[in-house]
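Please find the structures below.
Consider the two complexes below, in which chain A is the common component and chain B and chain C are the respective partners.
And now, the complex of A and B:
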């Protein structure tokens, strides 16, 4: 594979200078704060040690936030991917696909706070949804969808679904349409074309979409505070970090929590990407064309 | 190998797909894309076992026609019949036609064996039967050693053979090929052409072959359908099309590179007398001729080229033209010479003898090789 990967450029190549702004931004805005937080997380009143981490994992009030967050973000991510796939599949060559795409992009541009505020009134006890349910006699008392698990869950779906949809749509349209056509001429029904052709070719896309959606959902903060029950069922890990930093003014502890958060995300992403390697991940076209 | 012999009956498990049929009939098959007509009223009756080539320039509607037969494009108008059964409303997976795509459309995530066996698995055949038939098909296209590779690692010619094997292994009643050789280099194209001919001879499967290359169509097909801008120009055997093109467009496509607009002097039954600025031509009428002008179509290889430094017509020469060689292309077996007459008319001729650029030459052409078409 790498027989001729040596670039044919002579070293001081001035075009390499174009990399400098990018490298500076990565260093100053990502790498430096990350390393700073990483080092800070090992500092406590007794000097450098693992105290913050032992405190995190030995205090259920803190360590349980990992499970609370996973319990919200994993189902939300799976639901988003699970719904986005069929919707993208059905609309991929639909006349209204562009209009639908435009509508679905809106939640992404609105931002999570606005979505949370909107859902708060819409899903609340006096909101339209509950009024409609009561009016149609589907329910006799208002359904509690805010200030609990479901409020956060729904906001993650509203903000995460369009993102998953757009990602999967681009992966789907990248698959050579001649492949399912060839499968059809060989006797494959639409369902079997999906199972045997589309799905295997989509695995890398699904893995990437899962990772990006999950990372977004795992770092949920505004909607967990606004729509959830931040003292109890939706006390996600970012709330714990926030409280450590701005209520206890314990920056090293907050940094440690952030590091744990990053670690969990990294672990899940690594698992998803490793499982992707068990499948085919080459080009999605059917010939040398 | 037994599976792919000519007289094989279809496997019972695929009875509904590859029935033995007498005729595949296209009746006024029309397809338009948003108002533009891509294919207009194609009428064609194909006998079982026939090799049909759809020939025409790009955008002529030949691929559209093939996709309509395959079921990948719904018709705008017309119908397609397999004997008494109307099939144009059937989804492609129920037609049981094998198709070879222009870019091969091999499933990139499946090995060569699984690609070839795909149609058999879709027909729910037993694992043992699938293995046996895939082996036979890979033998046929001489790719047995590559069975466990992914198609992306094969060369273009090998991929093309996998595509053919995948289409024929299910013993389809009709094989559809969409420019299968256009992505190959010249040498491989010739080899694969022979391969396709051999497979058709061995299996005797009805084949519809789309191409823009008249050599491919002439060498492979029992009958050729010439299309242009969605309309059928001529349907006939390769010999018919080659010696008697129905009109100028077909003639152009059949390699009549010299199309000369000349004065029509007189017509005597089939014989036509034409006059150019500095030569006269006698030919045969290929259409009703009227008016004062007509077109003469002559193939480059029908000219007899002689060096003529004297610059005067040899006595007794008929259909003779004097000119000067301008561009000489060496083609291995012969030379392709562009010749300008004294009035500036440019002619293309082939000759076995070397001609120097600038040499004065004399051209002669037999009357029966000059085809005259009306100027309308």
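And now, the complex of A and C:
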């Protein structure tokens, strides 16, 4: 990474020109719109001011979407990570691991829209799950799992759990097996090996996995509309942004909501990464070199 | 774990069974099976048009992102330069920021350029995550190739273009295939960006599916599910091919630390 050893004056490297098209794409299609949206968000009908932001935070219908979204996305992320960690740990050397990962990739690639449609059929009042619960006398009336909070929550688990699992699996397999083996020869039990060897080395990976999972869950959109109650309990912030842009055609307001969304995400990510540093400082993959 | 997999398979099975059902009300399995929903879904949702758009968008995105991404990945793999960290950050950011956040400002810009609502607009929007993705996936592949091979080709007078064509591309074939398939699968499934930038004539399969589920009640559930199955098959074929070449963790580990 360091370039300090290079001479200050040299012929321009033509190979670097290969970067130009890629950089142009990102600058024009990503950074420029983002900055454009940022500036646009400060424009309201009376000229440049904070109007859109004050409107957002003073209108409960808009500002409450932040809490609604956090209330769905944070528990879903924690559950996904919490379950993915032991499962990934147990299956990391399993002989069916490759088949298992292949099955788990399916929900990720099918995408949220298909998961929403599938859950509507599967979890609906007449769906297989409710039939099973009724047949086994676990419940006496159909459980309402669609068009409410739980529908969106479950869709986030279906799409988020495999994501967290695959991410943690790649971090776990990156840990040098010699380290826990050394601990084992010194008499550490499997539990102590997990607590004192794997977990500390995994904290950075866990933090990254948490951030990536959270960012995905926080921007939940299609399933919140299709599987939730988009007018009330699952009116997430993406819906507010979408409605501002394409139903009210208020692009400055929509940009402001998008910026708030990015801001909240960055805040949570920053918190997660800071708390990581409280546990451990070192390379993310840990133990490899 | 088994519980999770079982539920995922059940939800897929529910969609597939329903798509073949004549009527399915209040029983474990439908009253009878038929394939006619596929025919009606095809005409009702103008799937021939939607599929054409999907194929055009997906292949354009794969081709352009490979064409732009591989050279950039080469430069990232082989050179150190002053602002490399900044450039790397620039390529990582579009993958970290969720599409919904930058998709809305991007759609605004594309609308003001009269590009939104057209296939070109959809392709442009989908390039935003695809190009950096190719760069990040390809960089480690290129790093693995011995620079001496390139030096040898240079000694014999190969220019950069011929070097790419005759030395790097054949050596990189598995990596290019992997990156291309991953971009393909991700673009088929990319909902937000396409949704925000597409017009009525430039919807891809996933967006069309969203609209039909959104307007459910008007259509029969079976024909919606028939469409969902078509979408599922379109994705799964490529996924199965991809899994022969790619480690599944690559699908999610977008950022190599």
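As a working rule, the second predicted complex is superposed on the first by the 270 of 289 C-alpha atoms of A that agree within 3 Å, B and C clash if a C-alpha of one lies under 4 Å from a C-alpha of the other, contacts with A are read in each partner's own complex, and residues count from 1 in each chain.
Definition applied: a residue touches a chain if its C-beta (ideal position, glycine included) is under 8 Å from a C-beta of that chain, and two chains touch if they have at least 3 such contacts.
The structure displayed is predicted, hence computed values, not measured ones.
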{"item": "Contacts of A:50 with chain B and chain C, given as first, second, both or neither", "value": "neither"}
{"item": "Between chain B and chain C, more extensive residue contact with chain A", "value": "C"}
{"item": "First (chain B), second (chain C), both or neither touched by A:271", "value": "neither"}
{"item": "Touched partner set for A:184, first chain B, second chain C, both or neither", "value": "first"}
{"item": "Partner chain(s) touched by A:195 [first = chain B, second = chain C, both, neither]", "value": "neither"}
{"item": "Touched partner set for A:163, first chain B, second chain C, both or neither", "value": "second"}
{"item": "Touching partner for A:176 - first (chain B), second (chain C), both, neither", "value": "first"}
{"item": "Set intersection of chain A contacts, chain C complex versus chain B complex", "value": "284-285"}
{"item": "Complex interface listing, chain A residues touching chain C", "value": "1-3, 6, 13-16, 18-19, 21-23, 25-27, 29-34, 36-38, 40, 83, 87, 91, 98, 100-123, 126-129, 131, 158, 161, 163, 166-167, 169-170, 204, 208, 212, 215-216, 218-219, 221-222, 225-226, 238, 241-242, 245-246, 251, 254-255, 257-258, 261-262, 265, 284-285"}
{"item": "Chain B residues within the chain A interface of the complex", "value": "17, 70-72, 91-99, 101, 103-109, 118-119, 122-123, 150-152, 156, 159, 163, 166-167, 170, 176, 183"}
{"item": "Chain B contact footprint on chain A (complex, rising order)", "value": "176, 178-179, 181-189, 192, 196-197, 200-201, 279-280, 282-289"}
{"item": "Residues on chain C engaged by chain A in the complex (per definition of touch)", "value": "1, 4-5, 7-12, 14-15, 18, 24-26, 28, 68-69, 71-72, 74-76, 78-82, 84-85, 87, 90-91, 93-94, 96-102, 104-109, 124-125, 127-128, 131-132, 135, 160, 185-186, 188-192, 195-196, 206, 209-210, 213-214, 221, 224-225, 228, 231-232, 235-236, 239, 243, 248-249, 251-255, 257"}
